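The same chain A turns up in both complexes below, where it pairs with chain B and then with chain C.
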Partner chain A sequence: MSAPALSTVRVGDELAPLTRTVSQEQINAYAEASGDFNPIHVDADFAVAVGLPGTIAHGLLEMGILAEALSRWAGSADRLMSLEVRFSKPLVAGGTITCTGRVVAVDEAEGIATLDVEAVSDRGERVLTNGRATVRLSG
Partner chain B sequence: MSAPALSTVRVGDELAPLTRTVSQEQINAYAEASGDFNPIHVDADFAVAVGLPGTIAHGLLEMGILAEALSRWAGSADRLMSLEVRFSKPLVAGGTITCTGRVVAVDEAEGIATLDVEAVSDRGERVLTNGRATVRLSG
Partner chain C sequence: MPDQSHVGRRYEARGQVVDGGRAGAMATAIAGPATAFEPHAVPPTFAAVYCLAPTLAQVFTDPEVGVNLAGLIHGEQAFEWPARARPGDVVDASAEITDVEEKRGMTFVTLRFEAARPQDGAVVCRGRSMMIIRGQA
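Right, the complex of A and B next:
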């Protein structure tokens, strides 16, 4: 992955959209990593009983996919300085999430770009909204 | 977990601090969940070669622990409406992270509390800073 040079980044530049299908296996792995075994994530019968269409991904797992889209654009994960999102709609296991972003400010003195970011599902639902990221640029 | 009633939450209320040791096994599980197998997270020799004290946790895994501290306070994960952090210092595998937070605003009309949140390591380093969360309250 090659980082964009500070001098070439412009307001309006867009992230390459990153699309990922989130399997129940990934959700289980995230439950293991995070210790969050809430049954809405890992028990389909329970999820349906509480009115969900099925088990849903952890919000932080979705946010991790968004962070990956940013890291790819930035050239490495350690360039992602800050990240903010609103958890708007759930992503059902087996669903697909597409993360997008757009540069809204470039601070040339500090070498930092600010991006608006979001994620939508293949159901057309806005999963992560009001996203904002700051990224340290190279060069 | 019992959610705090809107009427009882005051500016200055604090989260119960949540302390977690992050093992290499958890980092490996998070790599599996996220697909982020960057060797700084999973290859100790590589991590040392690039100047780190050892493999480090994914920033989003740290953020997940912070989200858990918030979810415990809120009574359930789906009350966490938004989360923002700055990734300031890395957390080394086997290290311990302690997440804290404090209510800085209560919007009684909307039923929303805003908290300043952060995480420090057992090395005394500020791992996650400039954190801000919004939580929907019950009642």
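Right, the complex of A and C next:
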């Protein structure tokens, strides 16, 4: 996928939604790669003991999936200039996350698009909110 | 527990190597059963490894700050990537506690981060994290 040209991007354009079911195996792999072995992510007994329905995905794993949705739209992760989110609700292991986004501003002089982004779970919970990203466009 | 007196504390982790193998493992973990979009690139959120982790490890073990790790939740995260981290880059990471607030029996700690390549001065990541700590230490 090539980067969208500045001249073709409009306010209101939407990202192709990226949906991913996050298994415990995936969470374990993320723990290994990130070095974050907080037991709420990898130890079901511990997670339940602290009041969670089960182990939950790392917020930064969800943010990584959102960054991938943006990277696919932008053509490369290299074009992602900034990303911020609030981790509003936990995503339980085995849950499905859908990341979406919409262009809210285009700075033609700088060649930068600003997008509102978020993610919802298959439980209907808004897991990532207050999301904002900036992407450098080509051309 | 963290309080206002800890605002301004700085932590440094120099010489962090951007490990290409581990970056690839993160790209694979983010993709799960799917194929990674750019399997050989450093995922943007790999900043968690070369910038956040080595400085947060110091924050979390600072006996004077006394973070209760069992009650810790990641509340918000912002990243900027002015330049791109590449596999093999060596970066100096730093963090500063910029705000501590008590609300509804919880402590909200905000930190700012930066990671720069001393070789050319390029900033590869700026970050802001808001951590929520529930309960008492």
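Going forward, the second predicted complex is superposed on the first by the 139 of 139 C-alpha atoms of A that agree within 3 Å, B and C clash if a C-alpha of one lies under 4 Å from a C-alpha of the other, contacts with A are read in each partner's own complex, and residues count from 1 in each chain.
The rule we apply is simple: contacts are C-beta pairs under 8 Å (C-beta built on N, C-alpha and C of every residue); 3 or more make two chains touch, one makes a residue touch a chain.
Note that the structure is a prediction, hence the values are computed from the model and not measured.
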First, second, both or neither for A:Asp122, with chain B first and chain C second: neither
Chain B versus chain C as contact partner of A:Arg72, first or second or both or neither: second
Which superposed partner A:Asp43 touches (first chain B, second chain C, both, neither): neither
Which superposed partner A:Thr21 touches (first chain B, second chain C, both, neither): second
First (chain B), second (chain C), both or neither touched by A:Asp13: neither
Intersection of the chain A residues that touch chain B with those that touch chain C: 20, 26, 29-30, 32-36, 38, 58-61, 63-65, 67-68, 71, 76-78, 80-87, 130
Chain B to chain A touching residues, read off their complex: 20, 26-27, 29-30, 32-36, 38, 40, 58-61, 63-65, 67-68, 71, 76-78, 80-87, 130, 132
Residues of chain A touching chain C in the complex: 20-23, 26, 29-30, 32-36, 38, 50, 58-61, 63-65, 67-68, 71-72, 76-78, 80-87, 130
Touching residues on chain C, where the partner in the complex is chain A: 22, 25-26, 28-34, 37-38, 41-45, 48-49, 53, 69-70, 72-82, 84, 128
